[in-house]
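First, the structure itself, so that you have it in front of you.
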Amino acid sequence: MSRRPPSKLHLDPVVVRKARSLARKAGRPIVRLATTHTTVSVERSVLRLAGLPGADPDGEPWVNHLVDAVRDQVGLEHGVAAPVWDALLSGDHADLTALAQKAASGSADFRLPTGRDADRARRAARKAVGRGIAQIDRRREEREKLIGRLGDPPKPWIYLIVATGDIYEDIPQAQAAAREGADVVAVIRSTGQSLIDFVPEGATREGFAGTYATQENFRLMRAALDEVSLELGRYVRLTNYASGLCMPEIATLAGLERLDMMLNDSMYGILFRDINPIRTFVDQRFSRQIHGRAGIIINTGEDNYLTTADAVEAAHTVTVSQLMNEFFAKEAGLPDSQIGLGHAFEINPEVPDSFRLELAHALLARELFPDAPLKWMPPTKHMTGDVFRGYLLNGFFNLVGGLTQQSILLVGMLTEAVHTPWLSDRDLALQNVRYVFNAAGDMAEDFHPAPDGLVVQRAHQVLGEAVDLLERIVDDGMLNAIGDGTFGLMKRPADAGRGLDGVVSHGGSYYNPASEILAEGLAAGDASAPASSGAR
Amino acid sequence: MSAKKPHVVRPYGDATGDGMVQVSFTLPVPQDKRAEGAALQLAQKMGMDPALVVHAKAMGPDFTFFVVYGRVSHLVDLDAVTVVEREFTLLSPKEVTAQIKSRLHRPLVVVGACIGTDAHTVGIDAILNIKGWAGEKGLEAYGEMTVHNLGAQVAVPDLVARARELGADAVLVSQVVTQRDAHVQNVTEMSAAFREAYPADTRPVLIVGGPRFDETWTDRLGVDRIFVKGTTPAEVASYLVHRLCPDPSPPKPARRTRKKATT
Amino acid sequence: MSRRPPSKLHLDPVVVRKARSLARKAGRPIVRLATTHTTVSVERSVLRLAGLPGADPDGEPWVNHLVDAVRDQVGLEHGVAAPVWDALLSGDHADLTALAQKAASGSADFRLPTGRDADRARRAARKAVGRGIAQIDRRREEREKLIGRLGDPPKPWIYLIVATGDIYEDIPQAQAAAREGADVVAVIRSTGQSLIDFVPEGATREGFAGTYATQENFRLMRAALDEVSLELGRYVRLTNYASGLCMPEIATLAGLERLDMMLNDSMYGILFRDINPIRTFVDQRFSRQIHGRAGIIINTGEDNYLTTADAVEAAHTVTVSQLMNEFFAKEAGLPDSQIGLGHAFEINPEVPDSFRLELAHALLARELFPDAPLKWMPPTKHMTGDVFRGYLLNGFFNLVGGLTQQSILLVGMLTEAVHTPWLSDRDLALQNVRYVFNAAGDMAEDFHPAPDGLVVQRAHQVLGEAVDLLERIVDDGMLNAIGDGTFGLMKRPADAGRGLDGVVSHGGSYYNPASEILAEGLAAGDASAPASSGAR
Amino acid sequence: MSAKKPHVVRPYGDATGDGMVQVSFTLPVPQDKRAEGAALQLAQKMGMDPALVVHAKAMGPDFTFFVVYGRVSHLVDLDAVTVVEREFTLLSPKEVTAQIKSRLHRPLVVVGACIGTDAHTVGIDAILNIKGWAGEKGLEAYGEMTVHNLGAQVAVPDLVARARELGADAVLVSQVVTQRDAHVQNVTEMSAAFREAYPADTRPVLIVGGPRFDETWTDRLGVDRIFVKGTTPAEVASYLVHRLCPDPSPPKPARRTRKKATT
């Protein structure tokens, strides 16, 4: 973020510092959990980085077979790397895939190597995984080169959603969206993918209200957008969703296929998909380390709270979640420029001064996180079948985006309450954005909330409430707060939820070459400027 | 039928009987004169005459978006309109509690869920949670109801198993995602599973709800009642009493009727 | 206007004073013309005030017959009053109507009385006309009482148009509009009425794109709005159009029937209806004197320029016209609170920063005329068949209205480019206004254009250009400027245009009791507080 | 007809062939369940099935506004679309001037006006005034044209008289107000008056224009050519040359043809 606008809210730096330090305090125990546990998906990611794609004829990925076999035979508390490369080095397996196939048919044996064998296995594992990370680094360089060559669009980036369920219908729609002005295309996932504990394979044509996230779909779509980027002379970004039971693996695939942004929230899976909290915290940390390395901007999901809770009453929970997401992101190695914190225009339009309250909330986020590429999301909850009214609300949403200088603008659809977007809905939506930004895009210059006025007071109030809530969270513990329904009114106890059985606490000899390399990369420099290859 | 209230009406633009309507759509043709002609043809097939294409916008090289205004000659016969009339009396929470107590002599057990991959819980929560909806408290707040809200993305076999385990009198299912008719498929699967798992006379009452259902589709979906957008908890509670705690004295009330509207 | 917001543009008071003094210089010769000429319509107004309604069976009003007969026999340079009351006093005519009927059949004789006869005739005329003016005063008091009792809605007043062509369809639509929030209902006139040199009679049901302005239509609609005002507990104002060949008469009828606002522009008839400039200037002065007395707010028509000229290029012509309209209005006795200067949101939405330019123009008007009830008019020229876009533009128009604290908000229709408003168009339009003012109505608090920013600079530039143009007009003469196409690109020479033959230069003994009473009222006090009866 | 380009299409929502359209209208009925049923009935009569009433809003006690989305089964047959093809070559101003000079040997006299009570001059001014339209200069800027723009609200008898007096080769009339078919009445009156006033072979070419005309209505209105929204001065100039200065060598070109669109 180059331009940092002069402050309009005059937030008290003491309060801001306090908020951040409370977030740190609340988050530290969670980080401890995350660094002392692994999950099946983290381990599968290690194998994916080492080059194990594909699935059996029933669609079950080889990485799942292999991790399951290791788990059955030696447990996962040591990580898959040592047992797997031990088997590879000692057995007569042509490669990882061959080993996985055998594991699938129950004909591969694993043990936990020790001593020299262990060292050997670890070295081999690290080398193999290093190749995957090097590929991620190359993808990142590719992106940087393309952006250098084609140019980066000015902020806010126009973010459009494609959701046909069929990758071959998505592609022309995404290209059309780019031609009409989208800077970012997000392919929504099929409902339910976040709850399946494997990543589907190949190009897919059958999703409900979205298209499956697969490595091949990623590849196809990125290639299509590269084509259109060249045509347009502007780098068009691709976004997908990491959240869910396979967060680490999808993050990995995104890095390997040069996706540019990923939905990745530290708590979304817990709250909105009833995924076990510990599973989520472990997975999100690993996936964010990968995103950091890959130069992928994460998008957090604070918008979701406001669809289940009231946007005025719960405004401060958005701020708290943003602070937590920021803390976890930085801890995982993401620089500010990759932390796309989310927030949304979800106040009931009937509320008096609703527009000015939106301005207050949006400006608070902008000034609290001046260097983050904030993602500003459109009205959904209070959209109705009155598409004319919907179009108007979207215009005012766009205006808040401009007045408060948001970075990523998710384009709202007039038919939000009716159906997943039609071609014409998107076209109308882009026309709306164009009008507002062409006509009033620089109006931040004229927007100076009165120092004692409603906007400033509201922003200060929300920040104050956020600090109070953080204090309570620090006292109770983050996991208890989540269990109590603090966020989005969802109560999620730490010992329940999906995917808990995929969580394993580290044994004494836990080894994960990916984590090792990623941590070294961070130690060596700043994640935004990785060494030319992560594998050394 | 009185002379005062017309039973046949037409759309109204700015004068009685003018028949004016607005239409918009996309045609997969490049924007040119032929495209406008094509749009007019469609408008005419929809019964608009005269029709005026007031807006035609190219969306890329292959599609054109149109806005058309015009007059339709169709008559709307209000007597022929079928509406699902509420077949039960709307009761207050107190009345609901009293009637369950006096007629069922035990708490009524309700199991609710979003099934399939649908994760939209706001609708079912509106009906079930204490917090409720539109100022009314949800079923959890009713003294004589035991509510189990299983949450989102519950698989049908799990739902059947839990319903059995909990002794459900009624199973409430919400479906919001309708792309590719997901809601129809999921509900059909659900009702079949219940029919298979239970003898006909012990099967719990099956209720579905969501913003895009058609209330008249109960038979097609194999459920007992469908609730649509704007449903309030009291309506659902009253229906449950009506179905599960019938007044013992008068003859059993007739099943829901489809009635012609009267004015 | 109670609240005068603190200045945001910091206009130079020296420049503002200069602009006003130039307007005065430019206008003075025109006032001289207006005070030395009369027109057939001014004379007919005198008769209407004296109580001569009705028309012959072909629809030609008795006032027309009588004025024509006097003109034929003695000319109009002395006014109709003396010859008519002389005939009434000396002949055996039951009353004015009887005299007019005879005049119509050619059986009434007129002369110009002199000496005692003249005095007698003038006294009688003055008495009769005084009764009409007393009726106007009673109407005004009625309005003030009703407002006192029912309450006046806060600014901006929501102004809605009704235009079915049939007064009996207009009435329910106007009542519906009021129930849904309209503070002002305007009944659009049938196209062409402004070019007919008489006022139609009675309730009418056949107009094109509007309903005829007649005394009976005025009465019916005012009664209907009184009914709904009582129901709603808020005084709903009624508006119609004075402009045209019958400006003085329609103004008179409006005063007699308690209309509350009237479209009355000093140049609209010249520019947009090709009415002779002198005819227009004479007529507008008399009609404004009547409006002043009646407590009627005039609405000027600067919006029209921007439909024929470009809203950016011609912005300063709007300012010039507002200054001229203000000068003529004040000269005719209207206080600031009755001078509803017009302006409009007509910049091409494709122009970069169009919204901010609109803000600049609207704020300039607001700060130049802080006490005038400014009328802010919606986009029309750049509206298209894309009704969604139209709805959005109207929302942004409404927002400018709020940010710059306009007083009267003419509600824009999404179907502006398609048809005269439907019931649903109006309903959607009001919903748009309600959203914007509920959500952002007080946002002027947050709107502070940067001192050296685009908005402020633009406003200063437009004012500067207006002063330059006024200087040229003073040099060339106002009539020449109009002849040259200065306003709305329309060229209108002073010796052409419709209605020129109805203009008559005053003779030595010109007498007009209405003008006399109106002038006395002004001299006695302020027009906003007239003596209890104008007739003394 | 090639296999590649389909000649039958359907409306496109978000997938080929889905047939989806949007409709809005008002019915003169109070907002209630019956009203929604009535709205559905109208949608069905327009060919929408399934149709979903996504918005129903009371406008006072007697009217309800609806937004409906749904699928129509109508097919649009692109081969059956009739469009008015431009029957003349589009010429540059230079070409126009040259052809008038070489074929007519005198300036072409054009008289323009808004007739009836219509005062919308922007359209006719766009065609006639030097300033022009969409970057093109108007007919006044053409060397070999003499243009008389009579302005707005010109009465038909006056127009005929002026046309005669000025020796008009062509009379251009604009009509923008269309409420109660004012434009149709005015133009019909105008063309009848010219037919009455002139012998058939000396009558000036009658051209009308405005945003709400139907180009195919020349015979109904008794005029020679109709221009609609988006017309440019060059089109009108080219048409004038085509009509009034025909190429002397080849056989007289056929009158305007209505052609089926081809692709």
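Brief remarks on what is shown
By written order: A, B, C and D. Residues from 1 in each chain.
Criterion: a contact is a pair of C-beta atoms (placed from the backbone, for glycine too) under 8 Å apart; a residue touches a chain by one contact, two chains touch by 3 or more.
It should be emphasised that the depicted structure is a prediction, and the values quoted were computed from it without experimental measurement.
Each chain gets a centre from the mean of its Cα atoms; the one farthest from the centre of chain D is A. For the pairs A-B and A-D, the larger set of C-beta contacts lies at A-B.
Averaging C-alpha coordinates per chain places the centre of chain A 61 Å away from that of chain C. Centre-to-centre, using mean CA coordinates, chain A is 35 Å away from chain B. Each chain gets one centre point, the mean of its Cα atoms, and the points for chain A and chain D are 53 Å apart. The centroid of the Cα atoms in chain B and the matching centroid in chain D are 45 Å apart. Looking at chain A, one finds that residues 387, 417, 419-420, 422-424, 428 touch two or more other chains. Among the residues of chain D, those in touch with two or more other chains are 12-13, 20, 22, 24-26, 52, 57, 63.
By the touch criterion stated above, chain D contacts chain C in their complex at residues 24-26, 57, 59-60, 63, 65, 116-119, 121-122, 125, 131, 151-153, 177-180, 182, 211. By the touch criterion stated above, chain B contacts chain C in their complex at residues 12-15, 20, 22, 52-55, 57, 67, 69.
Residues of chain B that touch chain D in their complex: 6, 9, 11-13, 16, 20-29, 33-34, 36-38, 41-42, 45-47, 50, 52, 63, 72, 74, 76-78, 80-84, 212, 214, 261, 263. Within the complex formed with chain D, the residues of chain C that make contact are 165, 176, 179-180, 190-192, 195, 208-209, 272-274, 307-308, 417, 419-420, 422-424, 427-428, 489. Listing the residues of chain C that touch chain A in their complex gives 349-356, 359, 387-389, 391-393, 395-396, 399, 414, 428, 431-432, 435-436, 438-443, 445-450, 453-455.
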